[in-house]
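In what follows, subunit A forms one complex with subunit B and a second complex with subunit C.
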Partner chain A sequence: MDTNPQPNPPKPPVSRRQFMRDGARATMLVGVGGLVGLLAGRHASNGFVWQIDPAKCVRCGLCATSCVLEQSAVKCVHTHAICGYCRLCTAYFVPEPNALSTAAENQLCPTGAIKRSFIEDPYYEYTIDEKLCIGCAKCVEGCNRFGNGSLYLQVRHDRCLNCNECSIAKVCAGDAFRRVPVDHPYMLKSTTSH
Partner chain B sequence: MKEIRNPKAKGRRKSETRRPNHPAPAKTSFSAFDLRPSFGLRISALGLLLLCAFAVCSFAEEAAPAAGRFRFPPPEFESGYKLPDTTTPPARALVMQYVDVAVFLGALGLATWLTLKKRSRRGIVALSVFSLLYFGFYREGCICAIGSIQNVALALFNSGYTVPLTALIFCLAPIVFALVIGRAFCAAVCPHGAIQDLVLVKPVNIPMWLEHALGVLPFVFLGAGLLFAATGSAFLICRYDPFAPMFRMTGSFLMLSIGAVFLIVGMFIGRPFCRFFCPYGALLRVASVVAKWRVRTTPDYCTQCRLCEQSCPFGALNEPSIPATPVVRSDERRRLVRLFLLTPLLVVGIGGVGSLLAGPAAKLHSTVALAEHWLHHQKTPPEYPAMDPDLLRLKRADKDPKQLVSEAAAMRAVFIRNGWLLGGWIGLVIGAKLISLSLRRTRTDYEPDRGACVGCARCFEFCPNELVRRGLMPASAPAPPPAAKT
Partner chain C sequence: MNGQEPERDVSRRGFLKRGARTAGALAAVGAGLDIFEQLAVAANEKNANPFPYDTGRLSKTDPKLVAYEETARFKCPRGEAHRIACGADDQLLIAAGNYISILSRDGALQSEIALGGPAQCVAVAKDGTIYAGARNQVEVFDAKGQRKASWEVIEKRPWITGLAVAEKDVFAADSGNRVVWRYDRDGKVAGRIGAKDKERNIPGFVVPSPYLDVALHRDGLIRVNNPGSHLVEAYTFDGDRELAWGRYSAAIDGFCGCCNPIALDVLPDGRIVTCEKGVPRVKVYANDGAFECVVAGAESFPENVKANEGGDPLRGALDATVNSRGRVCILDPVSGTVRVMARKAEAKGS
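Up next is the complex of A and B:
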């Protein structure tokens, strides 16, 4: 077929080849249409994002190293309502700390991303500085194993590229990554759904 | 109550003894009580020890003591302290997805107009640069049409997954376009194609036999990508995408260097990824063979001046065919019959090979991988040094090994079936390729191959008729009577 119909010779009768071509095209278009029909009931207009199921995460540490981003999109988050505000926080302090002080050698977090501040006797508040957190899950392990489990890892969607195949998901030791609807993009712990 | 000897080992989850169904004695535990008040270090060390012991017995459901039964009851503050909220930064705004889709469709339409109507190489280059910047570096090459076929495959075979609208449109719109007007998507919309097209500085033609032999690979990749996606094992096409890491400007060293190799090779061999690997290009190639309208080198009629002969860097420009003598014809017919007989053999033969390779391939599925790992360690029990990701995985398998193994066996059966399918598909592709090479085409003009032409508009400028059309050459120069077109 021509796109520029200027000096066209009179149209030849439809050749066999042309006929087959038209037929194949029609078939394929119908096929595409069928596919759309099949998937119409199954499409989600707003799509999915990746998230970590905190109940499945085994704190393997791969989140920190396997993301396609230089600094992982996974960060530690804190549900304060669950936190015991412990003076000796097993997420904050290394085992057998020299002193319960904020001195660097006492801190479990490799980047010093957890801020510890006194609230009232004997309670201390712990907050995560997400800029520093690398998602290594060390604190999460400490908190879940010996504490209330108020710290856990989440994919932070302001950072995540929403890769078609998350490269952490494919190595995650706990098989904890899943696609969640974009309008409920987090799997947060709470006092009830703990 | 068993105890860990060395409290330092607590972070490493060493030698746990597990007591399922042991209630987590959160409220009553004195170790919990001990810890909070300021008792000096020795006590806290002791507390830690007790805590370890406590942790060991409550390990079973470490992560989920029931509501209200926290190890350390959350305090009630007297100082009016307000609990900070957990922040939830939202994902990219939904409306932006619609913007992407609109830009995508707009670019497809524009590419069509530029190749078919405007016939402007310059326009194609400009649109390529835009697509590279938008879909490549801004959208970071994800989601792309190439990968979206996996989302569609996954959605077709897994009722739990629904394909996002963006992925659906990215996948199907270029195919519909290809069915009607050829590979407009490849011409200037695909960022992967654009980056290769733009780095091509000194095209070198490769021999046709090599072109055709390597041309089978995209179909193989297509089959493999779809099967692995459909079984929910992996998105191979994303995993081995050489350009996405480049668009993100971060990624594994291996994939970045493969991308660099493609670009360096691509400076001399036109679009190596498109021609020899791209699975989506394979689909578009098939679709565009039956397209209604097509790209033509000459704007009106071919004068057989042969000026364009070497102009296509992608080996997509075909010469006019030589009329066949009866002897040649009957030779060709015999060869065709032989190929038609050979194809089923290829299908079955390579299918069998595929089913043999299915075992190792099944390991890409997480369930199968875990089960294999577990079975392996049944024979050679691990020594439990430090808990690395591998051993953590194993522990997961320990929960219900029977079910895991049976699930893995079922998945493996699926893979063996898929091995047959994929092998058969490869056989079919090779057979079809051979047959298509032996089919006689009657061509009177130099014209782009319907499937292989990506519509880059390079060859147009070699045609004297095109130069006349643009007013760059006087119309009188070569004007033989219009040749009849097929």
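Up next is the complex of A and C:
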């Protein structure tokens, strides 16, 4: 009969708990590193980011459909200082509206992203709901064709992945996509530049 | 007869083989072309605007409504043209760049007057005195182009965009302040016309973009466009609003877009000529506002229409002036041309 006490089972080099801990740490580190890398890549890739030159944009509609993101990083922005606050805004209403009301059939924007609010007779203010805006430029076309061009498209850098080869820039009909310095990432219109 | 059959260059079999080869080659080329065409169509479809802003219907004018035709066309001597006016002997004065260019009725450049800044508008009195609107002042020149005076607009935000001259008064349409200034011929402000005033039942001018214009009518009233309200309004020299007509409509008898008409002038018989932007067109209305006819539809301004599809929206606006023979001279800043339009019956005789 073997009277020797049973030897302790060999300790594994790493306990299960330790393994789980280390794994979690490594995952976190990789995640943080990836995030830092992504942010660095997005915001400072060679010190330049993509932007649309409003003077060159021909409102071809491809910004809405060509971005690698499901909802484009391009959004409509509004320089209110240029806006005429028109009662009949051609960026808000279809070319031949039934009535100047907010009814859906009268609105030009396919997603209803422009909000119209009364200021005083006969002036109305128009604001963009960016969550709804898909960057299709229909409103930009309406505003530029009849109005002052206060609406225009810009790449929003809180969304843009700053791809090395921008898929919208590749198809841009007006050759309006430019690399701009990361410390001046927007090309905004103003009353003086207009 | 020698009884020998003539030698054939190609046997029947050879002929059939060659024919089959040729047909095969042609079919291959055809298929290649077809594929190429399909690829081109697919590429075009891929790059077509998925969200078009369609004003195609508005850009077509019923030919039956067009009562004028072009009798002459000439180039503007300078770019950045804004307004045109008609002077003695049907001279044409064009406010373009930093100059007032003076042209003979057939478009020959006669002289130029240099301004200190961009010329916005121009008018000429019967005695030959020339009034030029710079952005914040009216500059006065004699008939030889010698500067006589400069009238500053003292109210803030001036933007003079239209001028009209009566015997004793000069009217300056100020888009920035949304009024028409009445000056005497010495430059003293004699009135402020069209400002919102409930007591006088004046709704005020709505001017989203700088295109307020003024013209003198033979009925003794001035006509002013109210673009944001899609109206033409008539005022006495003392600023009483006597009548207004016009309505928004994309149809030919209305004023389209956010803010039209952008310019106006008066025919010798009192009918009103209006210009629109967005869908560039020039039309004639009766004095009471009834639509009469089209002088030139959007088809007449292809460069202007194309310019609307890109670029600065404030640089393509048409202007028109009427000469002593009732001809409408249209200034198109995009093509840099002046077109002289006459009624079709008259044009044939000219």
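In this text, the second predicted complex is superposed on the first by the 148 of 194 C-alpha atoms of A that agree within 3 Å, B and C clash if a C-alpha of one lies under 4 Å from a C-alpha of the other, contacts with A are read in each partner's own complex, and residues count from 1 in each chain.
In the analysis below, contacts are C-beta pairs under 8 Å (C-beta built on N, C-alpha and C of every residue); 3 or more make two chains touch, one makes a residue touch a chain.
None of the values given here were measured: they were computed from a predicted structure.
Enquirer: Which of the two partners, first being subunit B and second being subunit C, lies in contact with A:Thr90: first, second, both, or neither?
Expert: The answer is both, since A:Thr90 touches subunit B and subunit C.
Enquirer: For A:Ala64, using the defined touch cut-off, is the partner it touches subunit B, subunit C, both, or neither? Pick first, second, both or neither.
Expert: A:Ala64: touches subunit C, not subunit B.
Enquirer: With the two complexes superposed on chain A, say which partner A:Lys170 touches: subunit B (first), subunit C (second), both, or neither.
Expert: first
Enquirer: Have a look at where A:Pro110 lands relative to subunit B and subunit C in the superposition and call it first, second, both or neither.
Expert: second
Enquirer: Identify the partner contact of A:Lys131: answer first if only subunit B is touched, second if only subunit C is, both if each is, neither if none is.
Expert: Neither subunit B nor subunit C is touched by A:Lys131.
Enquirer: Of the partners subunit B and subunit C, which touch A:Gly149 in the superposed model: first, second, both, neither?
Expert: The answer is both, since A:Gly149 touches subunit B and subunit C.
Enquirer: Would you mind checking which one, subunit B or subunit C, touches more residues on subunit A?
Expert: Ranking subunit B and subunit C by residues of subunit A touched puts B first.
Enquirer: Going by the contact rule set out at the top, does A:His78 touch subunit B (first), subunit C (second), both, or neither?
Expert: first
Enquirer: Mind working out whether A:Arg16 is in touch with subunit B, subunit C, both or neither, as first, second, both or neither?
Expert: neither
Enquirer: For subunit A, what residues appear in both contact lists, the one with subunit B and the one with subunit C?
Expert: 55, 58-62, 84-88, 90, 95-96, 108, 122, 138, 141-142, 144-149, 171, 173-174, 194
Enquirer: Any idea which subunit B residues touch subunit A in the complex?
Expert: So the residues of subunit B in touch with subunit A come to 7-8, 10-11, 13, 35-38, 41, 44-45, 47-48, 51-52, 54-55, 62-68, 70-75, 77-79, 81, 83-92, 94, 97, 116-117, 140, 142-143, 147-148, 150-152, 155-156, 159, 161-168, 172, 175-176, 179-180, 234-235, 238-239, 245, 248, 250-251, 287, 289-294, 296, 299-301, 366, 370, 388-390, 392-393, 395-396, 482, 484-486.
Enquirer: In their shared complex, at which residues does subunit A touch subunit B?
Expert: Going by the criterion above, the answer is residues 1-4, 6-9, 12, 15, 21-22, 24-25, 28-29, 32, 35-36, 38-39, 42-49, 54-55, 58-62, 68-70, 77-88, 90, 95-100, 108, 119-120, 122-123, 125, 127, 138, 141-142, 144-149, 156-158, 160-165, 167, 170-171, 173-175, 179, 182, 185-186, 188, 191-192, 194.
Enquirer: In their complex, what parts of subunit C are in touch with subunit A?
Expert: Checking each residue of subunit C against subunit A gives 47, 49-55, 58, 206-209, 228-230, 248, 250, 256-260, 277-278, 308-314.
Enquirer: Looking at the complex, which residues from subunit A come into contact with subunit C?
Expert: 55-62, 64-65, 84-90, 95-96, 108, 110, 122, 136-138, 141-149, 171, 173-174, 194
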